[in-house]
Amino acid sequence: MSILVGNDTRLLVQGITGREGTFHTTQMVEYGTNVVSGVTPGGLGKEVAGVPVYNTVADAVSETGANTSIIYVPARFAPDAIYEAVDAGIHFVICITEGIPINDMVPVYRYVRERGARLLGPNCPGAITPGEAKVGIMPGFIHQPGRIGLVSRSGTLTYEVVDALTRAGLGQSSAVGIGGDPVIGTSFVDVLSLFQDDPDTDAMVIIGEIGGSDEEAAAAFIRERVTKPVVGFIAGQTAPPGKRMGHAGAIISGGTGSAADKIAALEAANVRVARAPFEVPELVRSALASA
Amino acid sequence: MDIHEYQAAEILARHGIPVNAGTVATTPAEAEAAARAAGTLVAIKAQVHSGGRGKAGGIKLARTPEEARAAAESIIGLDIRGHVVSKVLVVPGVGIDQEFYLGVVLDRNARQILIMASAEGGVEIEEVAQTNPEKIIRIHADPDRGVQPFQLRQMAFDLGIPAGKVAGFAAIAGSLFRAFLDEDATLAEINPLIITKEGDWLALDSKMSFDDNALFRHGDFEALRDMAEENATELEARQSGISFVKLDGNIGCIVNGAGLAMATMDAVKMHGGDPANFLDVGGGASADQVAKAFGLVTADPNVRAILINIFGGITRGDVVAQGIREALARVAVSVPIVVRLSGTNAEEGRALLAEAGLTAVDTMDAAAAQVVASAA
Amino acid sequence: MDIHEYQAAEILARHGIPVNAGTVATTPAEAEAAARAAGTLVAIKAQVHSGGRGKAGGIKLARTPEEARAAAESIIGLDIRGHVVSKVLVVPGVGIDQEFYLGVVLDRNARQILIMASAEGGVEIEEVAQTNPEKIIRIHADPDRGVQPFQLRQMAFDLGIPAGKVAGFAAIAGSLFRAFLDEDATLAEINPLIITKEGDWLALDSKMSFDDNALFRHGDFEALRDMAEENATELEARQSGISFVKLDGNIGCIVNGAGLAMATMDAVKMHGGDPANFLDVGGGASADQVAKAFGLVTADPNVRAILINIFGGITRGDVVAQGIREALARVAVSVPIVVRLSGTNAEEGRALLAEAGLTAVDTMDAAAAQVVASAA
Amino acid sequence: MSILVGNDTRLLVQGITGREGTFHTTQMVEYGTNVVSGVTPGGLGKEVAGVPVYNTVADAVSETGANTSIIYVPARFAPDAIYEAVDAGIHFVICITEGIPINDMVPVYRYVRERGARLLGPNCPGAITPGEAKVGIMPGFIHQPGRIGLVSRSGTLTYEVVDALTRAGLGQSSAVGIGGDPVIGTSFVDVLSLFQDDPDTDAMVIIGEIGGSDEEAAAAFIRERVTKPVVGFIAGQTAPPGKRMGHAGAIISGGTGSAADKIAALEAANVRVARAPFEVPELVRSALASA
């Protein structure tokens, strides 16, 4: 296993009998992910893609030894699902759900940390360790096992870069989408730190976007703590200020959060920043060559 | 979701905060009448979803009803950072002894609610943050317990508020924090919060924005929406789960995912083109939704070519292709369409497109180059 | 503060809990009319601040309006554990499929709010706790975060509630917990909470008590007070900050501190006497308050002697003595008074009493012995 | 120092300029308690009984090194005062205030414990180590230094027993009133445990009353962990069931909480239980003699 998910993952799917839960459970099982159980209150006895369903996470954990959970329940019920997972001893929770109110996530974030668990997302595509475990909604077939670690605030843009890497013959150790919500469980810095310590990762790719200051925080961390080569890409270089571009965070306001600022910060931390996704593989190669 | 100053003031008043209540006027005559009724010096304040009103001439003092009419005349119709003023707030003039800034926001890095205050009232907080960061007093609210009165008193003492006014400040700050939570705000701000010449606390200007994801808990907020301030197309898009932002270029973009959509716009620009819009069809887009997106883009008369860039994850390529076909069957599209389709079920999607006479381009870069060429 | 079943049901209904709404009747004729209006089998339920209504004959079923009248006739005026029934609740009869107990209380040992449920609905929870403790499912609410829906679903599954009814149970339990917090209750109980023959959840009997210390937050609760259920003297005492409980004996007691007051009553009993009351004048008692206490005790015609036992802490002996003197100046007391005064400013107090012709006894034991002798 | 308060106590008074705060500060100073500062918001620069007043607890702590706080503020403001004390690093908080709502105290209790601090009360008379520090509202002069540890749910009843002990020549190591509210910071068990470990305490007196089950919990603890002699007294032996006697806890309900039950539990734990306060000293003497 590289980081976060892998062969040791025993996955539980919360909201498994819902439309998305069922679709992605099938996809994850097909990919080879070890999906051990699912939960839907009142769903005990059902099966989805051969995966047994339980009424509660506690039951699923005690019956199937799940250690990781992925959440597909609607936004109003997602915080409860996260609490339930952590309370049942799940140490890593991936929340795919989008649209969770900020005021609900603030106490959830605190709770997860207090209990020593980790949350990825919400509103994220999940994490994948190619060839071992796909825990999320990303298309598995574009990935290829390898030694490049990838972290991103975005969903499909990540696939774009992964696809480019794979086509260039650069496989991935793990690829992690942290999500674009204002309150997320795992930050760029958290994932970069894991990649830095991961013996299966030789170089990292960080994919950011306009808004907020997460990329600047990542740059500071890279400058101080990261010794492996890092390549970056920032989406929204041509976005006009004051307009919110989909993600809650993707807005340039008051002269901060612009792509130029973020690129400057990353370059100051010795990160090679691509102008477009297709440039990422060649920058990774040259970074590896000069490392 | 943004609301007007007068609406924010009403909400804060319901939370027990003393606000400078006024009258909304949509014509100079109404402003004059309001000033007459007030019977005192008044301020005429543009009601727009934008900052920088003062510098743009959107706030004026009037000593007489006639002056109020004149002020309203000059303000109504004014363009402030792209927002045209359609109404003004007429409030009684107040003698100011001391001014403060008080605001509640999310601190994204700390993942906690932050209460900020400064003795530099009336100045935009971003400006204070850059020039005198040490003049901003900050308290992080505990995610579980919120903020305690003693913390707000400490804040007041740190601001140099006179002892006799400390309890009042703490009460207002506590109420503002409660309002932020209860109303699911993303911003709750009083600037300036003043002590009047008479020695009373008063919120002279209030601002609130709400968390779109929490609107389901606040059915009454729909009534606060000012359609004049919203782009009808963007609103319509949002109701279909599509993020749409109108821009000035001529290349329509339909993309799945906000990050990819921005990267697509960047690619168009890199190739010398100019995007007509930002459009994210969202995850798990149905055929119907793709058709809808098509409608949004083709409604813009500037659009000279359309770039569809889909990388399938939840969104399946065949579903997108189906949407494109359905849309083309409904709407006659006279501009060139360039489609790029990758990811989940991309091959099935390409097959469906081929049946409809469309060829999908392989990479985003190539697609961007091609669409720019088509629009030229 | 206790309230009636029908009042608790109204409060829980406001919190979104489905309750069996009925009509309150204070006469058999009203009960008959209510039954006629209901047009169905009804239950007639005594409204008293006491448990054990069923066993005492305070709950009857009536198939016709005439039977309802007869039932009300037999219930109104009934004495249930010392509470005389002055009103009944007339509710429609309901077909019961399953019964549960659901309650929220403070767990004093854990210092946390406890949510309890049992499939043994309709039985008093204390009884279940003694006979089948394993049949009670317990959840402690987190002091900061409260209780999460998943915990309540877990409770429902543990109770064996059918899958299709689990969400409904969790919603009701969540609402009951919220009601407990929002209303500053010391008890919020639904017993039984049922699934009807039609498959709906229904709170068939509701009970709430409120934290007296939090009544300042709930001005509207005063209207819920049933003066027929309250001892006017005890209420009057409480309003002066005095704890007063009327008892059957003939020795009036005025003591500072609840523990010392109980110990004083014990001492009176040990010496063969019988206390007429429990009375705690509270901490920091003013002269006025002591005079008030005197009035409360002397108003009881059974009182043959009065024991005043004060150990000064906050309460100062001289202040108490002053109160005694003032009271004696206002009211003519014809029964013997024994005073015991120790602690803060006891000597000054004794001097003041001596001026008024009263001698203070040295110890509580001696004082108790003397007052019993005086009353004999 | 014996337990909780003593010569090491550097006391801060919250609500010092109020009527009660002023009165008791004067009393405590006169007793010899080391009262180092007081707090009243806006009171900076004032003095009460020679004690300097500050605006905030944080200021008072940093200026005067207070390590213990006593609270005299009204019920509506008392929870905030407790939070403020603990937040400022005070490790022991005595809350005299009565009438605090239960729902306010539940989170306060959690907070104090989480921070590793100790709360005594609310609605309690405080704690005294005779000859060293009086931190509360008890009349100091009835106490006498000695080796008997006393703990009680009651106020004046404690004084009664202390007075009896002193008159009998039995001085006290410390006397602690834990308060009669439903949610209190320090329980019988907590105090008994401190006395058990206190080398300056030879025997203990526990004074309970009807209602609740704290005395039963104390009895269980004594049976298992206490090796020093213990004498008890329970008030309300003749109280009728179903009537609340002043304290929120003082009610006998459903066959539990009666004096008889509590006395039986204590006697089963080898506690000698007095029938009246005046009997306590002789039971202590005989317990010490046979220990």
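Note that the chains take the letters A, B, C and D in the order they are written out, and that residue 1 is the start of every chain.
Here, contacts are C-beta pairs under 8 Å (C-beta built on N, C-alpha and C of every residue); 3 or more make two chains touch, one makes a residue touch a chain.
None of these values were measured; they are calculated from a predicted model.
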Neighbouring chains common to chain B and chain D, by label: C
Intercentroid distance (Cα basis), chain C paired with chain B, Å: 53
Intercentroid distance (Cα basis), chain B paired with chain A, Å: 27
Residue numbers of chain A (touch at least two other chains): 107
Junction residues of chain B - those touching two or more other chains: 144-145
Chain contact topology (line, ring, star, complete or other): other
Which pairs of chains touch, using the document's own definition: A-B, A-C, B-C, B-D, C-D
Chain B - residues contacting chain A, complex: 81, 106, 108-109, 111-113, 126, 143-144, 181, 184, 186, 211, 213-214, 216-217, 243, 245, 247, 255-263, 265-267, 269-270, 275, 278, 280, 283-284, 310-315, 342-344, 363-365
Chain D residues within the chain C interface of the complex: 20, 24, 75-76, 98-107, 109-110, 125, 137-139, 142, 152-160, 163, 180, 182-184, 207, 209-210, 212-214, 217, 233, 235-240, 242-247, 249-250, 254, 275-278
Residues of chain A that touch chain C when the two form their complex: 41-44, 55-58, 77, 80-81, 83-84, 87, 107, 111
Chain C - residues contacting chain B, complex: 144-145
Touch list for chain B against partner chain D, complex: 145, 148-151, 153-154, 157, 163-164, 166-167
